[in-house]
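Next come two complexes, and both contain chain A; in the first it sits with chain B, in the second with chain C.
Presenting the complex of A and B:
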């Protein structure tokens, strides 16, 4: 198989932005420019563009078309879109480069999560016949999963709070983070429930943001980046859409994506996990077999900044940055989508081309 | 030129749409049974009973055989507490979301439990459905579940009018829409009865309405330009079809209008003459109304030559 590497990454600071539109253009233009600058390229070098976003965040149809202003699509360019996190857009871009249709491709994801009540909007991703008409919000659905694990003895509320405390401490070094700082698990456990058994610290904050990842074929990657992050495995899987028929304490799609992406995923140095709820980080580590010596989400993870449709792509970008900077030999980026970790994607990156 | 005011323009955006969905053979039976206050499940090839029923067996992908009755009571498998219910949810008072395994089933149904307080909820709690009085063949025919041990509500058969094989799902969403800086600049100009655009610093094109970003170059646009209220019809159509919410009675003309000094045409109405008089190259001017430009009308000038607008079509 021909080789493809991540050569550039940028993300906007995650925040509730009153000045940002649902088209994402204001967040994307500087972010794309930053990624171009790092690689020393311009828009004319990009052979394929792919975006991830959702009309449900924008409240209007075909909202992603407005975002195309940010890429300067004149003369016409090869462009595509997924109604998914930008991580899945990156997957499409990766396939495009693998097939030789493009040498350099750019994936971007963006979301103005704060345009409406996010947890309510996300009810619309549920089964439209049997579940969505009840409007179960995303936080409540995650809370059902959290309680199953608590009562099965898989984790405690203290374990969950410790995930939050560790994430916030790690995010202190991440300028894009929305939440960071020093707090103890005991302090967090003193705070009230928002959706028992979840407290605010168990849930990713609502934030707006954008992320951009540039990939290139082997022939171009070394020109653009001193130490490309070679994609050695890339896979995604999905579990049943029937919440009540799933075993919510195993995540077969995460285990399946991770083993398809790498036979030896436990040996990565860094794993950036897209866990929007504290207990989901615990579930993902177990499902993927990530041991205690793997640095988990040194950015602070999605718990410290979860711009919808960009956060998963940013996880891959951050994992790639760990490799490109030489801080990691191998790194894993993960993205999730759907209720209670229904869909999972894993991208494994290495400083050494195979 | 004036600088745009810094505060972004924001306004509520409420959208409503009702999805009418066909239910298919399995869910048609399930929903029709709900209207009759019965709950059905499906037995899979592995012997497990799914309630709600699957449409295709998750193991064999075969459709289910005859559906079988389950419940109506069940057991809470997991729950979470909703202290401040959101619009559209089954109850307006604090309630529990629960995964409920109905008697005879091996999978769980997600629904609301009217337990009164979180202290009254627990995994293992026995619950029974509380039926809606007016049932239409919808998951909401179950108003919610309630603890089985509580006082029984007097049996009221209510009404059942299930639409055959169809279900309607209302969707109501509430956004706070934010105008981009370019859009805000344009909208504030309209309030002053001025037509404002922006020029790209790279290609020099003038965009109206301004987009904040040049779609050709992908760079922010900063230079502000005031445009003439006069322009040229580059192309048009005569609208003869009515639709809900239409503000002008057909027939009328929707046109692409190139303002003098602009490099992009924008869509607007041409009124003030018979639709049959509108033609490509017709010179028009903006007519101001209470909400910006109401429409355009002929300004009496001689038609613009085709060459003057052909590259803008």
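Presenting the complex of A and C:
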């Protein structure tokens, strides 16, 4: 298989953005410009574009259509869209570069999570006949999962608070983070429940944002980036859509994706995990076999900024940045989608081409 | 290095206005089961699933493929969800093809669907996006002015649209899966039907359908193991442009012209009307047949209607268009593009049944979406390139 590398990444600051419309254009234009600037390219260098976003998040059909304005698709471009996190748009772009149809491709994801009550909107991802009519919202579904883990002795509320405290401290160095700061687990545990056993710190904040990742074939990567982050493995899997049919304490799709992406995931230096809830970070680390010497989400992770449909792509971009900057030799970016970690994607990046 | 890819099997549902006998999952499974059976496979043989669908608001389910993962046999496998407006069915086929062409997978199931009866697509389309022209009264209200521009530009006589409707509806009666079965439709009946969006009459517009379509795409070794004929994918192409911009040609969009130019180049086609044996083109309103004939280069600008008028787009003509009955006979929106792709494959596999174009060896599948801005196409043939 031919080699492809991440050569550029940019993300908008994550925040509740009153100035941004659901088409994402206001967040995308400066972010795309930043990514172009770092690579020294313009839109005419991009052979394939792929985006990820959601109509339900936007509250209207065809929300991605006006996002095309952000890329300036005149003259016409080779372009596609997934109704998924931008991480899967990057996957489609990676496949496109592998076919040889494009040398340089750009994936973007965007979401205005604050446009409505996110946890209720996400309830509409559930079985439309038997489950969604009951409106189990996304935080409550995650709370069921957290409760199962507590009762099974897999983690404690203190373990969960420690994930939050570590993430917030790490996010202090991340200008894109929505939440950051120094706080102890003990202080967090004094705060009230949002959906027992979840407290506010256990749940990703609701924020709007966009992310952009540029990839290139081996022939072009080195001229665009001094130290490209070579994609050595890229895979995704989905679990059952029926919550009752799943063991919510195992994440076979994350385990399957990570072992398909690399036989040796445990040896990465950095893993940027897309865990929107504290207990899900613990679940993902176990499912992927990430040991104590792997730096988990040094950006602060999704718990400090989770713009829907951009956050997974941003995880891969951040992992790539760790490699491109020389801070990591190998890094992993992860994305999730669906209720209680139903769908998972893993991208493994390396400073050394294979 | 691009690998060879071929359509190994095709399946579709019986399309109807309301498939109340099945859930969304049941509808999709019906098409998936038929496609894998046609390929001599089971769902267990599939490496990855690509799902396409138009806006989620059409059914009122956010990312329904999450719930459909079990019904599609996708659990434990990669599942991608494509959404590129009306062109999505075509894009679904192309993305599935690229997974095989890239060497990532050996057998991929592409499935596209819509269950329009769950909601009301026309009003789901009648939206008021920020800083954009609102689309009032659904797709017909959007496209009618561009059809009028075509008529004025080309000088086409006013009955051309009705001729397309008669041909496509009669073709649909040859296709047991088609939603509308109107073998006895006449020009007079079409011309007497109510005017919806001038010049588009009731009988010149697509129906609202529930339906799904699936194709199995495999690599060369998988094609060699297929029990029947396969359709080799000679070329795929996609292009996009904004809905509105200064200088946009809504009648003959640049994105469509660029898309087909890249397609013919890849397929090594220099004389489309003589080298393509049959075309399945996305014609949701009758007049789009002559408009797309020109956009695709089957006729010079302003001349497409002459092919229609002369009967050259009927089965047996120089360039048969939509022998399946096309979008005018069945329109499960998200699936309509993949139906075009699948029907083009059926033709070169020789499995078109009563709507088979005799001797078809090279076929075009075409889809478009949004405000004539998203295009996806493929060329399939009875032999590899």
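The definition used in the following text is that the second predicted complex is superposed on the first by the 354 of 354 C-alpha atoms of A that agree within 3 Å, B and C clash if a C-alpha of one lies under 4 Å from a C-alpha of the other, contacts with A are read in each partner's own complex, and residues count from 1 in each chain.
The working rule: a residue touches a chain if its C-beta (ideal position, glycine included) is under 8 Å from a C-beta of that chain, and two chains touch if they have at least 3 such contacts.
Just so you know, these numbers come straight off a predicted model, no measurement behind them.
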After the superposition on A, what does A:240 contact: first (chain B), second (chain C), both or neither?
both
Touching A:263, do we find chain B (first), chain C (second), both, or neither?
neither
Identify the partner contact of A:19: answer first if only chain B is touched, second if only chain C is, both if each is, neither if none is.
first
So, A:151: does it touch chain B (first), chain C (second), both, or neither?
first
Which partner chains sit in contact with A:128 here, chain B, chain C, both or neither? Use first/second/both/neither.
both
Could you tell me if A:253 is touching chain B, chain C, both of them or neither one (first, second, both, neither)?
second
State whether A:69 touches chain B only (first), chain C only (second), both chains, or neither.
both
In the superposed arrangement, does A:172 touch chain B (first), chain C (second), both or neither?
neither
Is A:352 touching anything from chain B or chain C once the two structures are fitted on A? First, second, both or neither.
neither
Using the superposition on chain A as set up above, list the residues of chain A that contact both chain B and chain C.
21-23, 56, 60, 68-69, 73-74, 121, 124, 128-129, 132, 240, 242, 245
In the complex with chain C, residue positions of chain A that touch it
1-2, 21-23, 49, 54-56, 60-66, 68-69, 73-84, 88, 91-92, 95-96, 98-101, 121-122, 124-129, 132, 235-242, 245, 252-253, 256, 337-339, 342-343
Going by the contact rule at the top, pick out the chain A residues touching chain B in the complex.
18-23, 25-26, 29, 32, 43, 56, 59-60, 68-74, 112, 115-117, 119-121, 123-124, 128-137, 140-141, 143-148, 151, 193-198, 240, 242-245, 248
Enumerate the contact residues on chain B facing chain A in the complex.
8, 10, 13, 15, 19, 21, 23, 27, 50, 52, 54, 58, 77-83, 86-90, 97-99, 107-112, 118, 123, 138-140, 167, 169, 171, 173-181, 183, 211-220
State the interface residues of chain C toward chain A in the complex, per the touch definition above.
1-2, 23-24, 53-64, 66-70, 74-85, 91, 95, 98-99, 101-104, 124-125, 127, 129-132, 238-243, 245, 254-255, 258-259, 370-371, 373-374
